[in-house]
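Next up is a structure, given as structure tokens.
As written, the chain order gives the labels A, B, C, D and E, with residue 1 at the start of each chain.
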């Protein structure tokens, strides 16, 4: 398992997949939104938390199709399936690797981008917290989507079609936390919900993903 | 311990392609699968390796014993030869890759990115992987594709060594590997006759 | 004789062929009576005027849209547990019907919203969750379409349906939390004890709902039959190609 | 060339790539935005034109990596390069196919989604026009990006990184057209700019793409 | 018309691997490239096919004459066998694919999705492509990989027929194709000695 994690991280960095790209994409989406919406800072400030979440979500999404598809194409998955470690472990490790290379950087970058969107001062802390709690769910759910679409060549679009609806609850509560944080309102309910979703997903999704993956390998 | 396949029926795309197939793998011996293109060798190997489930029949003594090698070598273009190999070694709980590297003389290529290897070199690396799995049963699908004569000999020696240590091998190939005293199984006669594929997913609809 | 024996495609075909004609007649009759009655023989609502009559399409379709997904969920479970092809195909056949129902509910709702709320669309929880339901239908069908091998497709879509249902429920709550809407609550007696709609409107509505229910069953049986025949043709052709 | 176009369209539909997916993704992005920003219709109305453009842009983006990469992986590109038709033609056809399967549906869907975002009435016509004029540019520029990243496995993320900045002018002017249209202001300048960009890109990009592709093939 | 390669130097990854290579293809004759794994056959073939440019030397009479077939067959999994073939036929301005289909007996597979073919069937389809290009010079990289004995014979016949019509063929292979009176070129002696790769992109830094 450790070997797998290390290898995935290595690959992410070498193949120009990891860290940088997700971040850069995040940045671009945010900037683009600024362009698209127009320079009005007050307006930007109001939509900032949402846009940050949206950006994070899309950045995750775009890197999802590399999670399993690459290994499927070059046969690594077949070999891993015959290897001693259970598929559940494999998908979990993959999700973890995806989070480290995508989710984590986003969390760290969010405050900086918040500045670009003139996010209200008290919002910074909460957007970070919300993302920190929410992004793991995104990675795990995403891995499930990747496992379903792994057989389909370049299934990127289908993947996002399947995954995005599953992201809805996380997004809503996450954005709610951020928005309320920015407006300085009470936010324990949404915060609880996000944490709940993340925990539940972390606990159960890997089994679903592994099951689906087995189907796709046969 | 030996591996026994009894009365196996396998399918692709919902239709049986090989039926009533039985054979045995005994330590120290290799079984060569032969048969024209499209008879179902690859499918059979995948089934034996547990990558797809048979329609009927069962496979004993295979669990966690099998090292599978197919057309796709599972190499990462962006990892060096040594890294690729040691990754699989770790996964299978082994450690030294030096032996494998030198047997398939990949020593001088060890730091080259796998993506820059030639077809034959890639294949050699793929075969070297078998040595670091420490598994007893090798299940190989056309292992010598795009290998030159010398490398074929190297491979044959590797198989012989593996058998000598009480390993087993199930190999599908179209060309002669120069392995002595191996059992040969021609799968052609087992081709599933239409309608006999009881249990095939589509049978229910007829 | 257990119900399961109709899990055999051939038996199922025979049965559906027997019952389908009657079902067609019955469902169409119900729908027509319900709608005609509703449209022409009920007084205009004092507040909503004649626009209220859209309820006779809107509500039934909305209900069916939800029930369709339930039915798919159950069918998927049956497939995963007992691996009866018919149930998998039934789920496959139900999806488009359900999606159409969703679209109808959305469209009629939107049309209704124009006079009532002065807007075609509002991010009301129920409306929104219907939009999400629509997305789930889309994904589900896209997945069916994208995979060649029917059995894998059945497995994958079933799992997706299970997971999807869980998240659909989650989303429902999320949306409720996110925005308290203007869409009125349910007032069907079965749903809640008392009712807010007077009999004059209610009886034809009931008939229409029954009609839509029947129509749904009919369509699903019909489509399942088609799917089965397709698979059968496929199997026969495969056999040809083989022998 | 006709053969190539037909084949690409066929593939787009069969491999579950074409039409539907791009649309669905567009729809989802819009819905997600609403979740992220909040249900306030007045606020949504103001950001609507921008969001619609952003959605269209991302939908294009996600389908870009299928444009050339698939043909590269299975060797078709090598064979096409040795075939009688010039690479310029090949990339142009590919761009066209991409527009037909992605851009066109988006244009048609935009008004409907405008409803969801409570876009002001007079905005509908102009957002459609803006997209109709703008999306071809997106496809052509995107094909260029695809040609650059074709060597890289699953280069989807990198691709979007390279392409998005190139999209900025189109996005800005396109969104401007839409916004001004929505506010009923004069919009001939941005309209001219968008058309100009599209024409220029259509005329010149194919050569750049072909050149880059040649480099990647060797 | 003939095809002449004079004093060719080719490189991979910025280092020359074959140098001072000269040969000629004459109508009606096939040239077999031999050499151990990793000597540069594939690179040579790609250069001849115009997919990469040589460091030195030149290739005459090749432009728009070459049909290239490598490890990757350029098949679309989601298109049927017939569709795949007729696409390439259209691209090369040819029309009937029936001949090609029947020669490599793919008739009964014509409506099968290419993605569901077995390794050997895929390869046969890839080779059938050559017939619908109508090109005079075939440049083939290990064409018989994963073909069974019968199919190898079919392929050999196809090549012979092509040559008989005044075609030419440049074939890299490790196994014997059973083609009579062909010229054989072993590329091993031309392996570039380190440092002689004048013109190699990195030379400038030395």
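The working rule: a contact is a pair of C-beta atoms (placed from the backbone, for glycine too) under 8 Å apart; a residue touches a chain by one contact, two chains touch by 3 or more.
All values derive from a computational prediction rather than experimental measurement.
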Chains touching both chain C and chain E:
B, D
Find the two chains joined by the most C-beta pairs in contact, please.
A-D
Chain centres from averaged Cα atoms put chain C and chain D apart, in whole Å, by 34
I'd like the Å distance between the centres of chain A and chain E, where a centre is the mean of that chain's Cα atoms.
45
Got the chain B residues that touch at least 2 other chains?
13, 71
Please set out, as single numbers or ranges, the residues of chain D touching at least two other chains.
15-16, 21, 24, 28, 35, 38, 73, 153
Two-or-more-chain contact residues of chain C, please, as numbers and ranges.
132, 135, 138-139, 142, 146, 148, 178
Residues of chain C defined as touching chain B within the complex:
8-10, 85, 148-151, 228, 231-232, 234-236, 238-239, 242-243
Residue set of chain A touching chain D in the complex reads 15-17, 21-22, 24-25, 28-29, 32-33, 35-38, 43, 46-47, 49-51, 53-54, 57-58, 62-63, 65-66, 69-70, 73, 152-158, 160-161, 164-165, 167-168, 171-172, 175, 179
Complex contact set, residues of chain A against chain B
2-4, 7, 10-11, 14-15, 71, 73-76, 78-85, 217-218
Parts of chain B lying in touch with chain C, wherever the complex brings them together:
13-15, 192-195, 201-206
If you look only at chain B, which of its residues touch chain A in the complex?
49-53, 64, 66-68, 70-76, 78-79, 83, 87-88, 90-93, 129
